[in-house]
Amino acid sequence: MKVKELEAIMLEKFPDAPLRRDETAMTGALWSIAVPVSGIRDVAKAFGSAGFFLESITALDFEDTFELVYHFNCYEPKSRLVVRMLCGHDQVPPSICDIFRGAGWLEREVHDFFGISFSGNTDMRPLLLPEDADYHPLRKTFGKVSAYHKREEIYG
Amino acid sequence: MFGSEWFRLILGLLIVLGFASLNALFLVWLERKVAGHIQLRPGPMEVGPHGLLQTIMDAVKLMGKELILPAKADKRLFFLAPVLVFMPVLVGFLVLPFGPSMIIRDMNLGVLLVFAFSTFTVLAILAGGWASNNKYALLGAVRSVAQNVAYEIPLLLAVMSVVLMVNSLSFSEIVRSQKTIWFIFVQPVAGLIYLISATAETNRAPFDIPEAESELVAGFHTEYSGMGFGLFFLAEYTNMFIVCAVATSLFFGGWNGLFGISLGIPGVFWFLFKTYMLIFILMWVRWTFPRVRFDQLMNFSWKVMIPISLANLVVTAIVVKLI
Amino acid sequence: MSYFKEIFYGGLSLIEGMAVTVRRLFHPLVTVQYPRKRIPLSSAYRGHTEFKIFEDTGTHKCIVCGNCEKTCPSGVIRLQGVKEKEKGPKTLTHYVIDFSKCSLCGLCVEICPTQTLQYSKEYELVGETRSDCVIDCLARLARQVEKQAEEKKTQGLAA
Amino acid sequence: MAEQDSTQEYRRIYTLNLGPQHPSTHGVLRILLDLDGEYIVKADPVIGYGHRGHEKMGENRQYKQFLPNASRLDYLSGMIFNHGFVLAVEKLAGIEVPERAKYIRVIASELNRISSHLLWFGTYIMDLGGFTPFLYAFDDREQILDILDSVSGSRLTYSYCRFGGVTRDVDSKFIEMTRAFLKRMGTRWADYDDLVTKNIIFIHRTRDVGIIDPELARQYGVTGPNLRACGVAFDVRRSEPYEVYDRLDFEVPTGSRGDALDRYNVRFKEMQQSCRIIEQALDQLPEGDFLTKKVPQKLSPPKGEVYAAFESSRGLSAFYLVSDGSPGPYRCHIRVPSFGNLNVLNEVLPRTLVADAISILGSIDVVIPEIDR
């Protein structure tokens, strides 16, 4: 029920955003929606008021762009929904740590590993890395890397 | 010469010094054994038969260790504290009635003396915790003071009810009046309160909040190493012996056998046997229960122990008056 | 009234707890004094890898394919072989594992085409330096072969 | 005047550095506590002392080479993480798993869950100052380790699951040992109840301590027994059953207040439910292969991504793998439950005592290496 409502909200808010229904067996989510960087706060608010919780925030580093992936889930019924957001290498996405208080740490972790800072999150100290770390280990330009692709090479 | 009071005192002190340290080492061994067997493991086994010499080796090791003085610690107080904690404990032995004629000094204020000196250890703990310049140690010291203030009261009230019955503060007098019936049967409530308070008094689990290992690392003796720590350790066990010895003479008939039947066993063995049994109970308790929280301990003392011991005292006074 | 009730039931719960521990006091022990007594190892125990001794050849069957070296996630294995003949198989000359890096995943054992690797039952691996963790499997194999031969000899004598 | 006041305030509140070396921070967690007397004003957990870069390692390794890493994330439920990683890769590559292997994995995972909860039980009571239950729990846990040792050859970091099955088939001895263990545990619950659950001191130490309400849990993404303790019956084994969990009958125990006592009770009941699951799985265990033969040595899944969620003993965990068609993942992200569970301490700890902080930390059951990754 909640999922249907959310889907309607999403379609209304982002009429041209690609909403992709996933084969849940493969990706583990019902659908994923790609939203622009400016839309993430609206999306988070919609998810927050629908009673979803934030499972994880992570990023993918591609040659042309970062892609932030937010996994939302709901206690009942089973409905993992994914919000994907393309974010340029020098772009600063807005933080959602005031909507989901637990997002603060998740964003700090993404900042640690990828160097993406979030506007609105005041606490951007390194979380898992040493306090004086000025490197971002999960970027594909750091250390030994097996491959560095453009986004379309994987997602077509 | 031999009958002189001075000779008796000096001989007694020498025996006490020897006995206190050996007894503490034995108690440490016993504690480990009891803990081990309760926990389905054998405890120390390697040094000596059943690990009997283990604690002696530990003491030797502790003596060989460096005494570390933390930076910015109060040097004089820091080294004074372990001595301060051990001294009053030794004095307590002076008045313990081991047997009908085995009291170093049979004072008519013996009971008072023991409790006056045992309160002294709090001062030492506070000094040690303060001098260490460590937040954990300070927290432990503060907890210790508050705890002891709260527990001295029911402890003394429980003792008072016995004193009221005998009308004397002398240990030998109290023990003698238990010739046929131990006071634990007459004053079970006071006895229980005494034992609980005594556990708190000696800082043992479940009331070991001043050293609360999992919270305050090691509480007031966090910063102590080598023999400084060793003295705190020995004092804890000697203190435990004294507290149990006092309980034996106040409630369990001292050197008297059960209901006046001594089975031909000398009084001193009765006394030691009962004391060690009480110590065993303290150990058993320690290895069974989790630790209480600081404010719960206070609540328990002020809301349960003190009212009950007061009521007990009043009832005792009335009954004594009527009889 | 609930005040006294709590004291009563609280005290009772404490006594119940003490009953549990005092019962254990007389239980048989569950631990053993380790260096003097040992418990048998499980048959599946995975120690570091070693060479299997095959009955038919009396030695290992390594063909120096290098699969184990390639599949190892932590770079534990180093091996070397030489070709004795121009077109013949390689012969193993060195096979060294650095056990300090090994995570015992067992991928090398599974990937081996001749199944010549197996887990040893070694668990006392204390060393003083890091190099004590480096195990030369060929030397180990030679020692084992020698020991086996000796055992056979004594058995033969006994028979 | 105002200045004087502020300096007084400054002196009144002092900072206590709890950890990283402290008897009850379970690994290398450091919590900076601002204290007013013994009351906590502010708590700031500092993590990352055990960061080993598992995610980076994952990107540079082949899928099967990451197997040993998986059990080293949450070392207390190594089997479950091992299992979860294998699930993710199997989904990604479309590998069919034989029925028997599924059951074996479920049995092994549930045994691992019990062992993890038993260790938590022991250490939690130890945090509260009781040392003996710890060793009783370890005695029981040792039986599980023996069982898992007999089949996987390892006692903590198992690396037992493989893509398409498990490394070793279970034999009748394993089944016998497991049944004996279940029987043994049946007699142990009463002892634990007498020794701990009913103990008045224990109840006072845990009741109404560290309350997490459902809304707070949702905000921070708290999952697992900590979430169920506040009354939300959310369990991945139930909501999106993997392997054969949909064929097994088990309850999802929940609490009501969300305090430390509820968390304790939920974990305790969960152990009993795990016993039930194992019993049923043993009864239903079919004959057949334990490892499918169709998995190529060099596994290169098709392009795409997978988010495989599973219930570890601490809550919802997931592997998020992105494949670019090569033998190793392009991105390997791990969602760990302790991350959210620890994060919530920021809001739970203030206004409690130091002694309570230890109790709460213990009741939340975090495994630090899992957070640090």
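Going in written order, the chains are labelled A, B, C and D, and every chain counts its residues from 1.
Note that in this section contacts are C-beta pairs under 8 Å (C-beta built on N, C-alpha and C of every residue); 3 or more make two chains touch, one makes a residue touch a chain.
Keep in mind it's a predicted model, so treat the numbers as computed, not measured.
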Contact clusters after notional removal of chain D: A | B, C
item: Reference chain B; chain at largest CA-centroid distance; value: A
item: Pair of chains with maximal C-beta contact number; value: A-D
item: Geometric centre distance via CA averages, chain D-chain B, whole Å; value: 43
item: Centroid distance [mean C-alpha coordinates] between chain C and chain B, Å; value: 50
item: Approximate Å spacing (C-alpha centroids) for the pair chain A, chain B; value: 62
item: Residues of chain A engaged with two or more neighbouring chains; value: none
item: Multi-partner residues of chain D (each touching 2 or more other chains); value: 132, 136, 139, 195-196, 199, 201
item: Two or more partner chains touched - positions in chain B; value: 38-41, 287-289
item: Chain contact topology (line, ring, star, complete or other); value: other
item: Set of all touching chain pairs, with the criterion as stated earlier; value: A-D, B-C, B-D, C-D
item: Contact footprint of chain B on chain C as seen in their complex; value: 7, 14, 17-18, 20-22, 24-25, 27-31, 33
item: Parts of chain A lying in touch with chain D, wherever the complex brings them together; value: 25-29, 51-56, 58, 60-61, 69, 71, 73, 75-78, 80, 82, 100-102, 104-106, 113, 126-130, 137-138, 143-147, 149, 153-156
item: Residues of chain B defined as touching chain D within the complex; value: 35, 38-41, 135-136, 139, 205-206, 208-209, 212-217, 287-296
item: In the complex with chain C, residue positions of chain B that touch it; value: 34, 37-42, 45-46, 284-285, 287-289, 304
item: Footprint of chain A on chain D - complex, ascending; value: 47-48, 51, 53, 55-56, 59-60, 91-92, 217-221, 232-234, 239-240, 303-309, 316, 318, 320, 322-324, 326, 328, 330-331, 333, 335, 339-340, 343-344, 347, 371-373
